[in-house]
Structure formats: structure tokens, C-alpha cells
């Protein structure tokens, strides 16, 4: 293998380069659908893949305040508070059940590094990834999403993609 | 009514004022037009969309929005800068550009001032801009600016010579240095001089690119090396001056090349009687063809190194230009 | 693909021969752990050993140099399971450029005022690695041509990678995981008056 | 041999330096400069355009990953090391995970191995495409940037489709690849196998990448200006490079036929047929050319892996739920796009390493900057620096 392309007439390489740019220009002008690589972002949006790690959604009903996610989080960016409550028995005469209620579930997206460990360790399917990405803020403090905001993301959780074979 | 207008424009001061106004309007207009063309064309060459937001369709108002933005920006002057020089530099650059418009013939008789040494004047005034660049580089109190300014000066010395020598061929063929005269010579000869003076034309375009410090000769700016070269410290409307001057300069240099080599406002097979109106359009068409080439080059080539540029100028272009002159002169005498 | 020390006793590790010959040439003890040859030499033979490795063993490629702070008291992370002798272990991996054989040289330095001769003369690439190790572990490299901190500012105090150096970000903030779910409140007497 | 022209040039230079007393100045390039790839800072003594005593200053991005990993568990570190060389985040994970697997004596299922190979090589393609994009830009040509980034985006989209992250995939787990979406009762049943159509799309994308390589070659390689700017500039002799620890394409450009994919067994590269690309002179041109050819070799590997991947099978070996790595020390290195990347793990049987030494390629690669930049021109500083293809996250860690 040689690292030298064949020697040619001086100036030929320049002309070849000019040919590449002008072909691209005409291709882009004539067939924008096929050759345009970018989109007009706020007007046109690309759909992210279903698995994209955009933002974490919380299903409050499923959460049992087990604290696993907060303990496994490498950045310590999940803050959970909860208390226990007794619930009436489901059948008359049954046992009184104790259930943990969520008081606070905050994720500080200013700290989060989107590793997904919390979603992975959650044993009760309370946390989900959604590919939403438009939640930038002008103030750092607003990056702290409380449990209601996290619950709102639940509507955007996509179906998992079909698998290869 | 028409009589009144003719009378009014025959008054020296009124016509001077009118011409000044026209030039003053033309420079920003051309600057914006070419700037926008560059944005859009480069986008298409790189399979991008390009500006599209401002003004709705195609983003036609992008450059107007940019201009407004520049005027809103704070006018920063570095603390250690040489203030008067720093402020004067962009004005000088723009003045050099404005003064060039004076001698370009847009049609038969459609010229602001037909000087008998038109081309000489044009080439002399074109280098004033470089002095402005050197001033900008020196006064910014920034090492990158200084290096950019010095590179611009070195480039000026290296490229003024081939530029002038390349023109000489056309001047010999036309037998006059008046820009209108050269166009008329091409009309009477019946062919644009580029057919004979292709070497001169090539050298002129290469030297013009260097003079304009556009890629592949944009070492004075060289944003990957010198941050932004001599304009590093400029902001707001002073930066806008440099920006407009760059594009207006592209226009004037292309106009000179079109006039000298491509027949100016004349096109073969176009009846001479219509040149009065068609002339400016023909010239602008040719200019746009040349500026398109410059834009095309810019988005295709990398940049030279300063010493490679000097080698190219002194060892290739100047000998070529001299040989061209010698051959042209000999043929002129023989034929 | 993998092998543990117990394997090497039963079947000879493919690298064993090379490890033994290297140990003999350099003068040290070789040990193969999980496909990594570790060659222990004494601190005063550090430069000699690496010179021999470069010249005689053809290990011309300098990979990296760093250290381990073996300490019983740790400020950050988990402490060791068993008591060990406190020391700083200096490591340097070099490799050849044909078959991919590599040797990790190791030497022990005292925890207090560790000092060793610089190997910049042998492997010029050790320059930055030694500067990094010096500022991170407080090791003095005698004869280093350009001593001084590499990453840290001049005014920085302490040696961050020593186990005695606390990790401030973990000290200033309480661990969110330490919060526990509040116990069920005592049953109010109004609900169960007879109880 | 000194030729006459050399002598004349030398004499003329000597004369100039006698006649002209020029003042030297100190030029500070960076930490904020368009071509320092982040926050590298160079302090150079400049005489005219010629530089002497170039001193690189690093540490503006030092994040202390070696200290941070001492307080983290192995799965948490996987997320961290994505960020070392963010241009090829996926490739960073491999040596760390393989080192941990070596200590735990875990055999990775074949399908997972193939997925690892495909994604690692895709990371290499995307990393080299960034180089193909940025290097001509540093020499002034802007258009190759968009050509290369256009197709890098295609590759990154595919990586994101599998892993969920464009830059920080965090997809490898000890014992295989990410097994399922979560450990809950519903999501546990959704394995994170390759999404439908991935293999076919990757194959197409790789063909497009090959086309783009042709296009970039037409646009850049033949260009006389580009050749003049790169040939014979920044020559790195092989023995100097080896002593500095320069690795990867930079060392191969100097003519050393050494590729860790051929000599180490961290991934089953012995099943694939590919060439080790070497340069001749070790100049900027060769470094550029080697990377261009490596893209083509990687495409070859990916396409072979797509053909040979087992159609189905487990993605995870049996590992305990709470990962504790047995006591031991090992060093595993891998051929990353930037060069040799390795992790020396010292484990004492806990959930996290006692000490983790990260050997990153760019750190060693740029440690020779002050040697190679001695006496070059200012524009060549940029040309040489760009040709080394470093990432500041990889330098400072």
C-alpha cells in the first residue's frame, strides 16, 4: 500500500476538487430531499430513535420509594422523600396494607449525566427513558424537575423498537 | 420635466451628490447581496440548508438582520489599542473600496468619472485597503492581529506586481489606460481580450484573490491559525465595515477583471444601441460569474502557507506575467 | 481467554517463558496475573531495569507510568479488606512493537518522602507521566528535566490520588441515598379509641 | 548530503539574520483558540513566523477520573469513561469492561462479542470522520467538514439506535452488552438486542461512508495546496514516536506495523480479515492518509461482522446481580481510534476498584508536541497539531 496517490499534472487535483463541490451544489439544489443533510430545526424536527436517552419519566403510581435509584446514581442527583401510609384492605377482613407514598422525587438535570443506571435498577418499572430533548432552561435552578414534571414526561414514552430477527 | 432633471444633473454639485449617494448605496447593497450569495451557495456546496429563517422565504433578510445586529453591538476598543489608528482603519478600508467604483464603466458613458489613467488609478487605490489592514493589525494591540497585518503587507508586496503586470498585456492591446477605452477597444476588435490574454487573465484572478485575501490566500485572516487575523479585536459596526469592504472589493475586482479581459459591458451579438440599458446588466452578469468562481474556490481549497504564497508570486506569476508582456508586445509590433 | 494464578500452576501460561527470561535479564521477580506480567525490581535498580528492558528485551514502546498508594486508612472510597504494609508502588508498562509483549515494572517506595530516579533519559515519553505521578502521589523524581505540576495549579496543596486525600465533592454534600422512608406515623388515637 | 541549493539558502538565511535584528515575542495559543481542539494551551517563543520552545500547558479540563473511580462501583465507572475520549465514546468502554471480565473470569457470549466489534469499529469510523472533517478545516478548507460530518451523523444515529446515546453509549455491561431496558417486571422482558433493520442499515451506511471516502479523497488528497501543506511537515521518526509512547495511527504513519487489534485478544478480531495500514514518512500527509485508509479497513471489518454475526443467542453471561470483582490486578489495552487505550485495574474484591489507572492515547500523543514543534512555522503548528488528532478529554482525563 502506498501513501502516495499517483502523480498527476499540476492543477488537476484542484480541478477535481472544484468538480466535487459543484456537483454537490447542483445535487443539493436539484434534489434537496435526497442530498440535504440538515433540516430547518425549529420548523422541521427530526424524530429521535425510540431508545434515545432524552429525559427520564416517572410513573408515580409504580414507585415504591425503595431508594435504589437514588443510591445507585453516580452523580447523586436524585432526591427522594416518602412516608408510609396504611391502606384499607382490598377484601373485607383482609390485612391492613402498608404502602410507601412519594412526597418528593426530584431529578437535577444540571447534574445528571444520562447514564441510565436509575432506569436500569428500578425494580418496579417506575422510571422510563423518553427521547424528548427540548427542555433547556435559562436558569440552572429550573433544571431540577419535580415529580409532577417527571410524571408529565410519561406521555412521551415510546414503544420499544422491534428487534432484529 | 425631463429637461429639468437633465439640467439639475448637469450642475456639478448636484451630480456629484447624486453619484456619491449612488456609490454609498451600492456598496452595502452589493456587500449584502454577495454576502448572502456566499452563505447560500456555500450551504449548497456542503449539502446544508443555509440561512432560511430571517425574512421568511429563503432567509433573504439574513444579512439585513446581521447588519442590525452589528449596529446593536458594543463597540469594543482594547485598552492598549492605538485608538485613533484603530478607529481610522476600517474607514480607510471602506474608502479604498468606494473609490474603486469611480472608474468602472457600467455602459457607454455610464461611468462616474472616466479617467485617462483609469486602470492605473484603480490598481493604486486598491492597495489603500491593505494600508487600512496593516493599520488595523498594528493598532489592535494583539499579537494575532499584528501577524495578520504583517502577512497582509507581505502579501500586498508580493501580489501588487503580478497584478499590475498582468494588466499590462490588455493595456498594450488596447493602447489606452482608460477603462472605457479598453472596453471600446474590445468592441472594435470584436472579441474580448481574454481569448488572447488568457495568461494575463489567470494571473490577474490569482493575484486578485490574494489581494482580496480570500481562500486560498486568506493568511491575513486565517481563522484556524490567527483566530481572525487583523479583525480579531473589531466588533460591531467597525467589523461590519471590514465585512462590507470584503464583499464590495470582490465586486470591484471582478468588475475590473471583467472590464479588462471579458469585454466589460459589451457582449458579442448584442446590438450596440441597447448597451445603454443592457450594459450594466451584462457587466453585473459577468461580475457575478467571476464572484461565483471566487466563492467556489473559497469553499473548495485549503489555504497556502505564507512562504508558499511568496514562492508562487515571485517564482511563477511574475516571470509568467513578464513573458506574457514580452510576447504581447512583440506580437503587437509584428502584426 | 482469561487465566487466573491458579491456572498457571496447573498449565504453564503461554507468557511464562518470556516472563522468566525477562526477570532473569533484568534481575527481579516476575509474576503473571491475568495475562499481565508484573516484574518487581528494587527501587535502586529502577533505571537500570528499564534501560535493560529497552536495550536487551526490545521493549521500545513506552506505554505508561503511574503509582498505587497502598494505605490502610482511606479518606475516599472503600478501605482494603485486609491490613497491608503501607507503601507506594510505582508502576511502568513498556511494550514491544512486534508481538505485543508487555511488561509492567513495579517497585516499592516508602509512603513518607518517596523518591526514585527519573527514567526520562531512558524513555523520553516518561516526562509527562512522571510529572503527573509526582503531583498526584508526591513522589520526587530525581533528575527530571522539567519538574513541576502538570495538571494542577502551582498553588495546589496535597496529592490528590493519595488515599489520604479526601474527595471534596463527596464530603460537602450529603448522600441522597441515606434518606430513608419515614416510618408510618403512630396510629392516631382518634381512629382507634378503644385501643 | 548538502546540495548547492541548500547551501545557498542557508547562506542567505544567515545573512538576513545578521542584517535584521528582529524582536522575539511570546505567542500564547489557547486555551481558547479555534484549532486547539478544546482547551490545550501552547506557549511559544516566536521570531517572525518561526516558533521555538513550544510549551504545551494542559490541565484545563482535568476532571480527576482516576480519583472519581475510587468512590464508584464498576457499572458507575462505565458511564464515566465514556467521557474520556468523547469522539469515540463506545471504544473507551471496551478495555475497561474486558479488564473487569478478565478479573471475574467471565466468558462473553459470541453475539455480544460481535455487537461489540461492530459498534467499536463504528466508533472508529465516526472518530476518523471527525478527523477527516477537522483537519482540512484547520488548513482552511471548510467543505470536507460537512461531507465527513454528514456521514458521521449517519453512523452516530445508528449507534444511538442501538445504545440510546450518540456520544456516551454506556452500552457494555460486565459479561456482555446491556441486557434489557430495566430490571422491572415489564421492561425486563424487553431485551436491548439490536433494533430491527440495524444490520441492513449499517451495511448501507458503510457503503455510503466508502463513497464519502472517495469524495473526500477527490476533494482533498489530490489538491496540490493540501499536499504542499502536509508533505514533509512534522516528520515523526518511528523510534522517537515509540519512546514518547505515541500510538495508534500516528505511530503507524511512521511506518510501524503494529496494531493492538492484531496482537491482543480483547475482541475476536482474529476472525476478521483486515490490513494494518502503515505510512512511509511519518509526516502530516501520512497521518491523514493512514486514517482515511483505516476507515476503509473498519468498514471491511463491520461488513464481515454483519455477515458473520450469530443470528440469535444470549447477550449476557451469567454474572451476579451486585457486581463484585475478585482480588487481582490486570492491564488491558485496546486499539482505540486515537491509539492505545488501557486500564490498569487494582481490585481488592469490593464493588469498585481500589485504583484505576487510565492510559489514554492522546496524553502520550501530545506529550511530544514540544519536540516536534521546535523551529516550525506558525501555520505548521496548526497543521501538525491537527494531524495528531487528539481530544482534550483524552489528554486531561
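Order of writing sets the chain letters: A, B, C and D. Residues in each chain are counted from 1.
Everything that follows uses one rule, which is that contacts are C-beta pairs under 8 Å (C-beta built on N, C-alpha and C of every residue); 3 or more make two chains touch, one makes a residue touch a chain.
Because the structure is predicted, anything quoted here is derived from the model rather than measured.
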More contacts between chains, A-B or A-D: A-D
Chain centre separation (chain B, chain C; CA means) in Å: 63
Euclidean distance of C-alpha centroids - chain A vs chain D, Å: 26
Between chain A and chain B, centroid-to-centroid distance (C-alpha), Å: 50
Inter-chain centre distance, chain B versus chain D - centres from mean C-alpha coordinates, in Å: 44
Residue numbers of chain B (touch at least two other chains): 45-48, 299-301
Residue list for chain C, restricted to those that touch at least two other chains: none
Multi-partner residues of chain A (at least 2 other chains): 14, 17, 20-21, 24, 37, 72
Chain contact topology (line, ring, star, complete or other): other
Touching chain combinations (by label order): A-B, A-C, A-D, B-D, C-D
Sites on chain D touched by chain A in the complex: 72, 75-76, 78-80, 83, 143, 146-147, 150, 153, 157, 160-165, 168, 170, 178, 181-187, 190-199, 215, 217-227, 275, 277-281, 285-286, 289-290, 293, 311-312
Interface residues, chain A side, partner chain B - complex: 14, 17-18, 20-22, 24-25, 27-29, 35-40
Of all residues in chain B, those that touch chain D in their complex: 42, 45-48, 143, 147, 215-216, 218-219, 222-227, 299-308
Residues of chain C that touch chain D when the two form their complex: 1-2, 4-5, 33-36, 38, 60-64, 66, 68-69, 76-78, 80-81, 91, 93, 97-100, 102, 104, 123-125, 127-129, 136, 149-153, 160-161, 165, 167, 170
For the chain D and chain B complex, residues of the former touching the latter: 25, 27-28, 33-35, 46, 49, 136-143, 145-147, 150, 219-220, 223, 225-226, 228-229, 377-382
